[in-house]
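Read through the structures below before going on.
After this come two complexes, each holding chain A, first together with chain B and then together with chain C.
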Partner chain A sequence: MIRLSDVTYSYPRGTAPALSDLSLEIPAGQFCAVIGANGAGKTTLCATLAGFVPHFYRGDLSGDVTVAGINLPLSSPAEIAGTVGLVFSNPFNQITGARFSVREEVAFGLENMAVPVAEMESRIEEILRFVGLEGLADRSPFALSGGQQQRLAIASVLVMRPKVIVLDEPTSQLDPVGSREVFTVLRDLAAADDATVFLAEQKLEWVAAFADRVIVLHQGRLVADGLPAEILASPDLERYGLEPTRYTQAARAAQAAGLRHADAPLPVTLEQAVEFFS
Partner chain B sequence: MSGRYGLYVERQTEIHRLHPLTKLVYVLACLLVGWLIPGAWSPYFVLLIGIVPVALAGGVLPQVFRNTVKTVAPFALSLFIIQGLFWTGGTVVQQLGPFSLKAEGLWFAVRGTGRILVAVSGFLFLNYTTRSDELMLALSQKGLPNSISYVVLSTIQIVPRFQQKANTILDAQRSRGLETEGSFLVRTRALLPMVLPLLLGSIVDIDERAIALEVRAFGRQGPRTSLLTLRDTAGQRGARWLMALAVVVVIGWRLWLWLAPRFAA
Partner chain C sequence: MNLIIDDVSFTYPAGAEALRGISLHISEGEAVAIVGENGAGKTTLVKHFNGLLKPTRGRVTVGDWDTRTQSVARMAARVGYVFQNPDDQIVERTVADEVAFGPRRLGQSEADVAANSAAALAMVELSEEAQTHPYDLSAPQRKLVTLASVLAMRTPIVIFDEPTMGQDARGVALIGAIIEELKREKRTVIIITHDIDFCAAHFERVVAMADGRVLIDGPAADVLTRADLLATTNVEPPQLIRLAQALGLSAAPLTIDGLIANLQGQ
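Here is the complex of A and B:
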């Protein structure tokens, strides 16, 4: 579904490349999370997958980026829209402002795609139920909380039925309640087999809970790629400026104190931690 | 800009249910007719028989009245002062020390004020009884570019958030010891630390907003659909053509008034 080969990209006026020699293949239906310290290139990679690098940000891109059979660097954002959906951190900036209710805000993308009204209505209803906003359809998008606005942003993109949905730290500007609401949506998205999801996220416990695969970026390079359990419990994590989950930390402390066998696999989720300590 | 749809006042009236274009054409027709019919009092006549009844029927007469007066008063005052006192030539009606009040100037001011009154009250009426998104949709269907409709609608919604942001920045700077009250100089100096973060922050926001719009296929060419539907009737379509025709007739009459004496001569 997603294929990057030897992608190197530098922002205009950027000194070092933001992405270096990146190759990556993500099959359809996979939930892939990218982790990495601030400045590691997560946002740039998300922008690349959504076609805004190099179209919007300019700069130099070499290598191939193909998503759902579309060669992104050769296509315009208008051609890519509807195939790749992008959600980013700031919920407020993702609200168009040109529509006055939640329902109409979700409709915005469909209207631009000339979807017939009857189909639009059923798709909107379905997607609002999916993100848990069905009761707020007639509210003003600006009268919603941050978590609700972010779920609205996700719904507005999902309703266009993109082949791939890219989420760039969708909870980093939300309070704990809002983050939990958004993660509930992500969990449901992960449960849907047909959704190809690419998520950049700092909260490793959430990543561990529902990603099929985790990749690690460090200074624009792909440095690790594997299952959440192996990547997130890896001792290399700290080298890349990442802090392991508290489950892993507690388990390591237990091993260091001799309470647990040193060879036991480290937990990265609550369930694994319960098993580890029982 | 307090309500959700800008100035729109929600009421269940026939006027509210009219197609936005019908109301827009009506207001434009009033404006043009009031402008074109000769005589200083003609705009007031149009105001009285054109705007007041529909504002009343739409249940928004008090709002239209209040805000028209508030908007027009400063213009009217300056018109009367400037035109009344500084009209070159003309008949003096009253000597005020070194100044003389001229009849022609005063008539000009009466007429000018009337025209502004019709324009302001007409557009207030339109906006009080028409949701801005419906008006923009109606105009888009007639070929107005989507980007213009976007700018108008998002301005209505985003400007109040912009004000909130400005207040937050102001509070933040105050808490760091910035003086924002006092003499003109003090206040001017306080402007920069407030405006700069606001502007720079907004430039960053604009990038994100542009991306969010592209993701939603805003840049796509070709036909569009709309979840919002407008109710139009054959009667209203006919009425719009009739109003346009009336304006053409008035223009013709006016041209004839202007040209006939020249041909006669």
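Here is the complex of A and C:
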């Protein structure tokens, strides 16, 4: 689980705090998405939950950050690495550059955790199949397409089976079916394995369909927290620089045109939209 | 200026065959979106349009130029290409110099370089960041800088590789407005995208690729309704078309107004 109390953080050269007075509790087994405009603090929050803030970025952090029972600011990166996995938004920043094949790249984290070779091999096979890279195990990571590199970055983190998984726009370069597969897996990891999944995402349709909970950041502050259906249909969304799904927009347009009752609850997913319009 | 891809195949030096007999005719002023699964060959294909890659077999011509007979530097006068990853592209120390780099290399006069760079920076709403180091900007802002660099070159053909990646609602709207402006100027716009809703909103023609081939090529309203075929290349129809299909409507609305008009006609 994740617990933040009164967290405020400023980057070393930052003028305004990137995160202000943030308090948040996410239980094990929950799939929580954070949304917000660029610059709202989503990436900083992900980096904080994975210990990169303050261990790597430095700067001033106040308040408590506890993840899976570990106090992150007081723990070593080695202790954190076995517990929290972070998938970066840009896979080019994640791939080590020190490995010559996809298989070796995925093995990197497991080697650092001293996993026995036989177990390592079976876990690598399994995860590569899972992300759809099974035929490319011997290829250089740099000979993959952008989307394939993103799949590799996800595999390299999931193979370590972290209790808490933090992902910063992990599907930005994935094709739509690939994105759906990743979201399905994340939901399953939360539901079946009791992992805590925390994800920053721009594509609200996926958030609506898969997340248990949505929080909204605006200028470093937590401004909304609730179920996807409440948050994503809220009239405040645009004020935070977010665009509702086409389902919500179409429903509002239908209400404005007098085609549907003005008080009918707005849909955020395809299923809800079908119900709304039927 | 037309772009003709005639039976193009391409094999990377390491041996991977990325394109297998692609033929496309893109006319001056067309807006074309290329969609398809990861690894389908989309980026490899567009790198042929500006001569970064030369076909192993077949031919690419841009106007009267065969890409095999032209240097990449010369091709840049006709085809502007915005990379998927901005960090593959940025070379200068200030945003202003970065945006001026392309037009200067094309031999534009200093007056034109200044005017075109300023106009391009204004289009991406980064005029105030002209003296900033590109790496002091966020990744989505860096992507907008690379977009401006290519816009400043005033090429008749512009290619954007995943332009909306990492952009928020405001950034997506801004890029949509730039594409509409390029269309008004009758310049050819080609994008690669996984953002199918964006594709439906701005592109009249869609090419779906799979496994190094063209799977289907046609008007957006036709291609984007073919759910079964698109599924074979990991693409799903846009939200509005999925909704219309689930409601049993006969139309393929690409816009909210289109959907509402169709519902009113019921």
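Heads up, the rule we're going with is that the second predicted complex is superposed on the first by the 255 of 278 C-alpha atoms of A that agree within 3 Å, B and C clash if a C-alpha of one lies under 4 Å from a C-alpha of the other, contacts with A are read in each partner's own complex, and residues count from 1 in each chain.
Note that a residue touches a chain if its C-beta (ideal position, glycine included) is under 8 Å from a C-beta of that chain, and two chains touch if they have at least 3 such contacts.
Quick caveat, the model's predicted, so the values are computed rather than measured.
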Specify the outcome, clash or fit, for chain B and chain C once both structures are aligned onto chain A.
clash
On the A-aligned overlay, A:F92 touches which partner chain: chain B = first, chain C = second, or both, or neither?
both
Who does A:T83 touch here: chain B (first), chain C (second), both, or neither?
neither
Is A:R151 contacted by the first partner chain B, the second partner chain C, both or neither?
second
Where does A:A253 make contact in the superposed view: on chain B (first), on chain C (second), on both, or on neither?
second
Which partner does A:A273 contact after superposing on A: first (chain B), second (chain C), both, neither?
second
According to the stated criteria, A:T48 is in contact with first (chain B), second (chain C), both, or neither; which is it?
neither
Superposition clash, chain B against chain C - the stretch among 170-178, 206-214, 224-232 or 242-250 that is involved
170-178
Shared contact residues on chain A for chain B and chain C?
90, 92, 140
Note which residues of chain A are touching chain C in the complex, please.
36-39, 89-90, 92, 139-140, 143-148, 150-151, 169, 172-180, 202, 205, 238, 241-243, 245-247, 249-250, 253-254, 257, 259, 270, 273-274, 277-278
Could you pull out which chain C residues touch chain A in their complex?
12, 14, 16, 36-39, 43, 84-85, 87, 138-141, 162, 165-173, 194, 196-197, 231, 233-236, 238-240, 242-243, 246-247, 256-257, 259-260, 263-264
So, in the complex, the side of chain A touching chain B is made of residues 50, 52, 56, 76-78, 81-82, 85-86, 88, 90, 92-100, 103-104, 107-117, 120-121, 124, 140, 142, 153, 156-157, 160
Interface with chain A, chain B side, in the complex: residues 4-5, 131, 133, 149-150, 153-154, 157-158, 161, 205, 207-229
